[in-house]
Amino acid sequence: MAHSSKAHTHSLVTLLPLAVATLVVLTPFIWMVSLAFTSADQAFSASNLIPESPTTANFVTALTSGGLGRAMLNSSAVAVIVVVSNCLFASMAGYAFAKLRFRGDTIVFGVLISTAMIPVSVTLIPLFLITKGIPLAGGNDLLGVGGFGLLNSIGGLALPYLVTPLNIFLSRQYFLEFPDELAEAARTDGAGELRIFFQIYLPLAKPLIATLGVFAFTGIWDDFLWPLVITNTDSMNTVQLALAKFLTSGNVQYGPVLAGAVLVTVPVLVVFAFNQRAFISGLADGGIKG
Amino acid sequence: MPETTTLTPTQAGPPADPVAARRPARRGSATRRTRRIAVLFILPAAAYVVIFHLFPLAYGLYLSFTNYDPQSRSGPQPVGISNYTKILTDPVFLSSLAVTGKYVLYVLPGAVGLALVLALLVNRSRRGIGFFRTALYVPHVVSLTAVSMVWLWLYSPQGWFNQILGRFGAEPKQFLLESSSALGAVAVMRIWKALGGNMVLLLAGLQSISRELYEAAAVDGAGRWAQFRYVTLPGLRGMLTYVVVTDIVYLAQSFGEIYVLTRGGPVDSTTTVNFLIYKQAFQFNDMGTASAMGFVLFALISAVAFVSLRQMMRTRS
Amino acid sequence: MNIRRTLTAVTAIGLSAVLAACGTGSPSGSGGNSGPKELTVWFPGNSQVEIDLVTKTLVPKFEQQTGSKVTVTYVDWPNLSPKLTTAFASGTTPDVWGHGTAAAAGFAANDRVLALDDRINALADKDDFGGLLDQGVVDGKHYLMPLSGTGTLLVYRKDLLQGAGVDPATLTSWESVYDAARKLKTKARSGMLIATSPIADEQSFIALLRSASGKMLSDDGKTAEFNSPAGVQALTYMVNLYQGDGAVAAGVSDDYLSRPPAQQPLALGTAAITQFGPSQLLQLVKAKPDLADKLGVLAPPTLGGQPGKAYGGMGTGLFISKDSKNQDLAWKFLEYMASPEVSNQYAEVIGSLPVRQSARSSAYVTKNPLLTTFLAAQPAYIGNPNVPAWVQVRDVLSRYLQQALAGKVAPKDALDKAAQEVKPLLEGS
């Protein structure tokens, strides 16, 4: 994208406000990082940002006694499943809504979206029962009876997020902007609809994939209530559960929690930083302008 | 025939961008074969959503007409509409609705307005802009429990907010312990946390506006403000609608920040509907009442989301 | 086509999942596929030293002794409810779980936990638990085995009292403590802070109420009696600490106990007297060793000349699930955890009061002089009533206590309204 010389002076004028705004927004986070380097007995006792005697002990505690490493692996595994599944199924559905119209699509679509409007507390128990009743998993028979289904498993952790209605919506928005001529041309060449999607549209939809990926990843990383109820062993801990280990009621271990929180934020930020351009253009309506 | 349905924004509920709405309907190719293919494409997602989202929803609706107590061995017993009549006359529930409404109104303008300002600031392609975008995105992804500790401190009598107040000679204030200020204090943290996510979405909206429109406006002698008013805002409408509606949907279900900062207090001044539902469901084991509350909230959210969609779509034309 | 086949498979699996979910209406019982020698146990809490002790030392020893396999999960207090609720709904409750006494009546009324009377009566040394076992009694039956003991007492800063010319030996009544607090109060310091955050406010209230010879509920548990003159006296006392000209404390509803040691009012010197439980006090002293010699503990003060009571007794207890397939092994586990050696080791690690009287002469107790008063106060400890709707009743009461403490409603009105509102809850139970 070319910039005029006018845009250059413009950028200098706005750089200062941008720097100030970033600093203000980041302040509580900087505080968090500072506290993560502060020893337990000094936490919250001083109001200066730079710790008097910085220590990495909190990070050591967070990594060794909280099982944070294992938890990050678990959450990553769940995130990968959720990302792949959403990129496949949500984008297929979104594509169909955008390109292949059929009777009643508005209603189906409205119903799909409305599921985002009910608090999790209401649907938690039925969802739990379904997860426990997945056939042929965790000792269950064909009817889903007898065992524990997908409770306390990576699959169970991913189950409620495999296809998110909001992702279907985003995919639809994205594919709406694709010229139909691509498909027309392929159809004239005798290509099937599946091939048109998987070989023409999907490869062009990398920004969309980045968008769905970032959303799924951040969502999974932040999840608490679902992992809490369906996991029973430390080996299945997710990041938020592992962090909560330091939140002993009445005796919060501030240092390790904050150090842990800093550590678990890094992967998400890396995912975002490397994808932000594609992520944003995936959200921007016309992914393939010009 | 399928030709009769059009996926226009107002009908669909979710917003479409203006370009899509103006697109001429392309129907000629919608043969029976493509319809079958469409069903096939949607089927996995739809089947999944039916099983894992709609079935729990329907089950929850059923529970709202029962006295279900998970601790009890007798299972759900039908009680008619008594859960609904009970909660609609319950001052605690009604106050939680008011708190939720107030909270949405507190957070929404800040979370969208400030995010728009940030989006305008980072909407450029100079070197290192990715750093600013990522930095501003940090609050959105950092663990809520962890940041809440910092915010609890910021709001404490020794915290920064009181240090600033103290400079002006004011008495230290217990922001989270006074019913007059607690909800506002929670809202400030939520705005902070929501900024990054909204900024990214609005930035995407800004980037979708064609550069030629600005150039044309400049040729017509439009100033910076006029460009913003007549090019940026209309071009942003689709994404703005999306951000506002999804924010309403999520804010109306606020729970996490309440749970970590105030636990609904003081004197219920921060008890949102979703916080009350959680308490009702998991502390009192009263799943019937909790579900009924959930569906009243559901109805209100759908109504507000629908009305704001209509409103925002109408102002466009 | 490959994809099509995959889609069909996915849909088929999904549909059968729905059918399956419909078919799991009745609980299948815990440990459905576990052998006869397996036990699952949920402990409440999150303390790393406790987790290490239980999972690395105590449980392996038990497994060795009994040749069993015990799976332990620690669930922090606030998360225990959603976990147990979903477990009840799906029949996946553990064999043994720990909880406070407040939940006992609900579990018992719904036939979820095993009555332990025969087993407890068969214990040779059951008198060693003092009155602790009685706190787990619902409708005349024992359901809980005590895991830890606790108590909430007033703790003061010796130096601050001395500076204000207050002799701690004279602080034997709530009235004298209040007078002292008035002397101790400065612009930057509260004379005395008692716990007034939601839930803790109810514990402070019941201690004062019972000290004034009042009662929370009638003996049959069906009527509220907390709005008696004794109740009004108790609540008025609490309100006067924070409101009006005679206020001796700032920061009503502040949950100071959950703040880190460095932020504790006693450590900061922003209060001269505050309430503490033994484990929180020991943690404070551990984090701030210089405070150890500066702190003193008051025995439960009297109110209106009546003998003083304090909130305390059983902190946590263990339940056995009615659905457990290994109830005998589960009982062995409870017995093991409450055995003299194990329970004392446990108390020392978490800093609680030992559940056994015989542990008073243990090294743990004798090397921590701050515990002496907590132990001596044991006969004065009282708990909450064990009625099924207690958690809800407490929530209602706490809501009105908060309104009164904020100075928005007069104590008498608040208690009357609360009594009115809990009526259907108590009658329905």
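Per-chain residue numbering starts at 1, and chain names A, B and C are given in the order in which the chains are listed.
Convention: a contact is a pair of C-beta atoms (placed from the backbone, for glycine too) under 8 Å apart; a residue touches a chain by one contact, two chains touch by 3 or more.
Fair warning: this is a prediction, and the values are worked out from it, not measured in the lab.
Colleague: What graph shape do the protein chains here make by touch: line, ring, star, complete or other?
Modeller: Drawn as a graph, the chains make a fully connected set, so complete.
Colleague: Taking contacts as defined above, which has more of them, A-C or A-B?
Modeller: A-B
Colleague: Specify the chain most distant from subunit B by Cα centroid.
Modeller: C
Colleague: In whole angstrom, what separates the CA-based centres of subunit A and subunit C?
Modeller: Once rounded, the distance between the two centres reads 37 Å.
Colleague: Could you put a whole-Å number on the gap between the CA centroids of subunit A and subunit B?
Modeller: Between these chains, centre-to-centre, one finds 16 Å.
Colleague: Specify, in ascending order, the residues of subunit C that touch 2 or more different other chains.
Modeller: Only 17-18, 21, 82, 85-86, 89, 263 qualify.
Colleague: Which positions in subunit A are in touch with at least two other chains?
Modeller: 44, 124-126, 130, 194, 244, 247, 252, 254 - these are the residues of subunit A that touch more than one other chain.
Colleague: Please list all residues of subunit B that touch 2 or more other chains.
Modeller: Counting only residues that touch two or more other chains, subunit B contributes 44, 48, 51-52, 55, 70, 281-282.
Colleague: Would you tell me which residues of subunit B are touching subunit A in their complex?
Modeller: Where subunit B meets subunit A, its residues are 1-2, 4-7, 11-14, 16-17, 19-20, 23, 26-27, 29-30, 33-35, 37-39, 41-42, 44-46, 48-49, 51-57, 59-60, 63, 70, 117-118, 121-122, 124-126, 130, 132-147, 149-151, 153-154, 158, 160, 163, 192, 195-196, 200-201, 203-205, 207-208, 210-211, 238-239, 246, 249, 253, 255-256, 273-274, 277-278, 281-282, 287, 290-291, 294-295, 297-298, 301-302, 305.
Colleague: For a test of understanding, state which residues of subunit A touch subunit B in their complex under the given definition.
Modeller: Going through subunit A, the ones touching subunit B are 1, 3, 7, 11, 14, 17-18, 21-22, 25-26, 28-29, 31-32, 35, 44, 47, 89-90, 92-93, 95-97, 100-106, 108-119, 121-127, 130, 159-160, 162-163, 165-166, 168-169, 173, 176-177, 180, 183-184, 187, 193-194, 197, 218, 221-222, 224, 239-240, 243-244, 247, 252, 254, 257-258, 260-262, 264-265, 268-269, 272-273, 276-277, 279-286, 289.
Colleague: For subunit A, which residues count as touching subunit C in their complex?
Modeller: Touching subunit C: residues 40-45, 65, 124-126, 128-130, 132-135, 139-140, 142-149, 151, 194, 198, 225, 228-230, 232-233, 244-254 of subunit A.
Colleague: Report the residues of subunit C in contact with subunit B in the complex, numbered from low to high.
Modeller: Result: residues 4, 7, 10-11, 14-15, 17-18, 21, 25, 27, 81-82, 85-86, 88-89, 106-107, 110-112, 197-198, 251-254, 263, 391-392, 395, 399, 402-403, 406, 408 of subunit C touch subunit B.
Colleague: So in the complex, which bits of subunit B are touching subunit C?
Modeller: Listed in rising order, the residues are 40, 43-44, 47-48, 50-52, 55, 69-73, 75, 92, 156-157, 174, 177, 179, 263-268, 279, 281-285.
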